[in-house]
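The same subunit A turns up in both complexes below, where it pairs with subunit B and then with subunit C.
The block that comes next holds the complex of A and B.
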């Protein structure tokens, strides 16, 4: 038997990428963290000052150290996005003066790193709870926060399932020599998604669940 | 937030005509298709065709959602994806999430998604109600293209122009890069959606 040329890579984990620990950031209520993140983003977006952007980046790094979260878990974001960031840097260098370019890059980095810090210390299910609370004022419009929360929970559950299904579809397409055929790679995923939705809907109906 | 208009009309419809409607099934479809958009957004660009042009699948999910679910449920699914991503779930392309994306170059594209799904869904629904089966796939292709060029691209250009401090003209030229891929994605989405409507007619039968 031939040896496997490519080693088995760990599956790309999507949700639940939490930093270990039980710091003050982990214990803070999710709603408060979302609120702070929203305020920081608005301030950075409105002020458009390179100093503010750099200051927020520093603040995020400081908080990370203070909460004893591995800084590498935060900076992994830059490794994943380095192509986008590099293209942006080149574009800014060509089109704008250095001050504006620094401001744009610092602004984007500050907002993304702050969001990453929230993510590292918060459970996705808590975020669904926040969504539900945010939507409460819209009840008089006929919106039912419970239903939205149920759809959000179904989504959280479906993401790993569909990611697996997509991965398998890609392998099947490769086995048929169709790895460059977009249809061969997406149609199985789509039909799998429809099937999953059908089964989920049946399960909810059988239990009489309409909201979470 | 952005999905409130869709959800409200949804609820109103529910009270008006209850026959043949199934809200649990609708909720399941909305949740699963929001997840579908997320999964397609995660995939690294894949080489397509003889030349191996890399194509990202982020907008493919939005087009498929509109074409398959119709206007209101489609917009609700895209809105759920957008709102959860903004709240901090890492479900945008590159495993990014949070309000931070509003500062990035793709902000306009992301905010356009519910509108894109709505426009595509409205056109797709009328095609599926009136059109003959033979013309279904080509007309769905036009519906997907219309949604993309009426909502995604204008808002995307606007977002780039604001966030990257460039003129609308320059942003327009950045945007042109995405057009060929967009046509290919619309073709694939139309073919796949026509297939789904034949294989699972219950999705629209409940409408």
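The block that comes next holds the complex of A and C.
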């Protein structure tokens, strides 16, 4: 009998997936990286020149290579979003002209890839720290940066939990022969998410924690 | 270090409603023993009873007092005295590492960061999990996560520990480890424990046991008689 080989597929991680290594990009302070990303994004959006977009894409790819980050980890984002990108490009081609279409696509790609590079080289928790610092000036409006940071941390923790329960929901539906039933796959996920949210809230309340 | 002899939980004319449905009714109950277990069927009101003690559930009618403090009017003060551990460890931890989670608990009472760090490490050490301090909380086993959840609560040096089926999701070895560490530290620091559980062996090791069914306390007394009553009621 021939052995059937079907290796388990590792689960896909959207957030918190860092590129291995300890390059200058990994070590750069998160705040500085966020600032650069913000500046690049503003420049790309303001200068409506396709060359700028293309140049930024090239720059991001160059930095990725310099930091010895596998380029595939960067480009995987395009594979995930290609339908959206394709629809956008086609619409632009039809409604405007090919030149505008190329320009819009180049700008979107530049911003997306630059952001992906930031995520690949930065600990999400450091990003939450940056968020808290950025929000400090808004304290006078009554905003509490610690609360926003806590919410962001809870969100980060919820992502793998929800991914697991999505997977579990799909398995349960399959076990019942309902893999094609949208309701069987989504209702347990939704209920689980609400339950998890309530439990998290209760636990924080019991500990008396209001901000991070 | 406070002695548990002084802690008293007092229920008076308490009724909790969900809409018009009565979840729990307790006309009169005084708890002073150091180790109390709460048993009973699912949905009987065990969790509601525990959550009344630290004000997570508000009584629709009546009062619950911890050491004379009303759980609603002085909710915050009561919650500082009464730590709560839930059955699902994953929902109780919010920070990336156990150390940071315990530090988060301490943030309000220990201002100095290095003092806070050493207090957190000390607390993890006391529970025998100091080697997990810098690990990723997500990657810990449920048993380890539950010990971390316990640490985040014990760090505040509570007088009362409310444990709501803390070992239901754990395997035998982890459950025993959890229970044994709770018992040791509760004894060491004089903490009163109120444990809701389906583990009748654990329930039997208390000084007093409450049987809650259908929203009321149907038996109250020494563990063996109450557990016998529970077995009798549950036989099909």
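The rule is short, and it goes like this: the second predicted complex is superposed on the first by the 192 of 212 C-alpha atoms of A that agree within 3 Å, B and C clash if a C-alpha of one lies under 4 Å from a C-alpha of the other, contacts with A are read in each partner's own complex, and residues count from 1 in each chain.
Going forward, a contact is a pair of C-beta atoms (placed from the backbone, for glycine too) under 8 Å apart; a residue touches a chain by one contact, two chains touch by 3 or more.
Source: prediction; values computed, not measured.
S.K.: Looking at subunit A, which partner touches more of its residues: subunit C or subunit B?
M.R.: Between subunit B and subunit C, the winner on subunit A residue contacts is B.
S.K.: Touching A:154 in the superposition: subunit B (first), subunit C (second), both, neither?
M.R.: In the superposition, A:154 contacts both subunit B and subunit C.
S.K.: Touch test for A:204: subunit B only (first), subunit C only (second), both, or neither?
M.R.: Both: A:204 reaches subunit B and subunit C.
S.K.: Check whether A:168 is in contact with subunit B, with subunit C, with both or with neither, and answer first, second, both or neither.
M.R.: neither
S.K.: So, A:112: does it touch subunit B (first), subunit C (second), both, or neither?
M.R.: The answer is first: A:112 touches subunit B but not subunit C.
S.K.: Is A:66 contacted by the first partner subunit B, the second partner subunit C, both or neither?
M.R.: A:66 sits against neither subunit B nor subunit C.
S.K.: Could you say whether A:84 touches subunit B, subunit C, both of them, or neither, answering first, second, both or neither?
M.R.: first
S.K.: Applying the touch criterion given at the start, work out whether A:92 contacts subunit B, subunit C, both or neither, answering first, second, both or neither.
M.R.: Touch status of A:92: first partner only.
S.K.: Just subunit B (first), just subunit C (second), both, or neither: which does A:125 touch?
M.R.: In the superposition, A:125 contacts subunit C only.
S.K.: Please work out whether A:196 is in contact with subunit B alone, subunit C alone, both, or neither, and reply first, second, both or neither.
M.R.: both
S.K.: Show me the subunit A residues, by the header's touch rule, that subunit B contacts in one structure and subunit C contacts in the other.
M.R.: Dual-contact residues (subunit A): 150, 153-154, 156-157, 161, 196, 200, 202, 204-205, 209.
S.K.: Provide the residue numbers of subunit C that touch subunit A in the complex, in ascending order.
M.R.: Residues 51, 54, 56, 76, 79-80, 83-84, 86, 88, 90-96, 104-105, 107-108, 137-138, 149, 152-153, 156 of subunit C touch subunit A in their complex.
S.K.: Show which residues of subunit A lie in contact with subunit B when the two form their complex.
M.R.: Its residues touching subunit B are 12, 14-15, 17, 34, 37-38, 41-42, 44-45, 77, 80-81, 84, 88, 91-92, 95-96, 100, 103-104, 107-108, 110-116, 118-119, 122, 124, 127-128, 130-131, 134-135, 138, 141-144, 147-148, 150-159, 161-163, 166, 179-183, 185-187, 189-191, 193-194, 196-198, 200-202, 204-205, 209-210.
S.K.: For the complex, give me every residue of subunit A touching subunit C.
M.R.: 125, 150, 153-154, 156-157, 160-161, 196, 199-200, 202-209, 212
S.K.: Considering the complex alone, what residue numbers of subunit B touch subunit A?
M.R.: Against subunit A, the touching part of subunit B is residues 1, 3-4, 7-8, 11-12, 22-36, 38-40, 42-43, 46-50, 52, 55, 57, 60, 64, 68, 76, 80-81, 83-84, 87-91, 94-105, 163-166, 170, 174, 184-185, 188, 191-192, 195-196, 199-200, 202-203.
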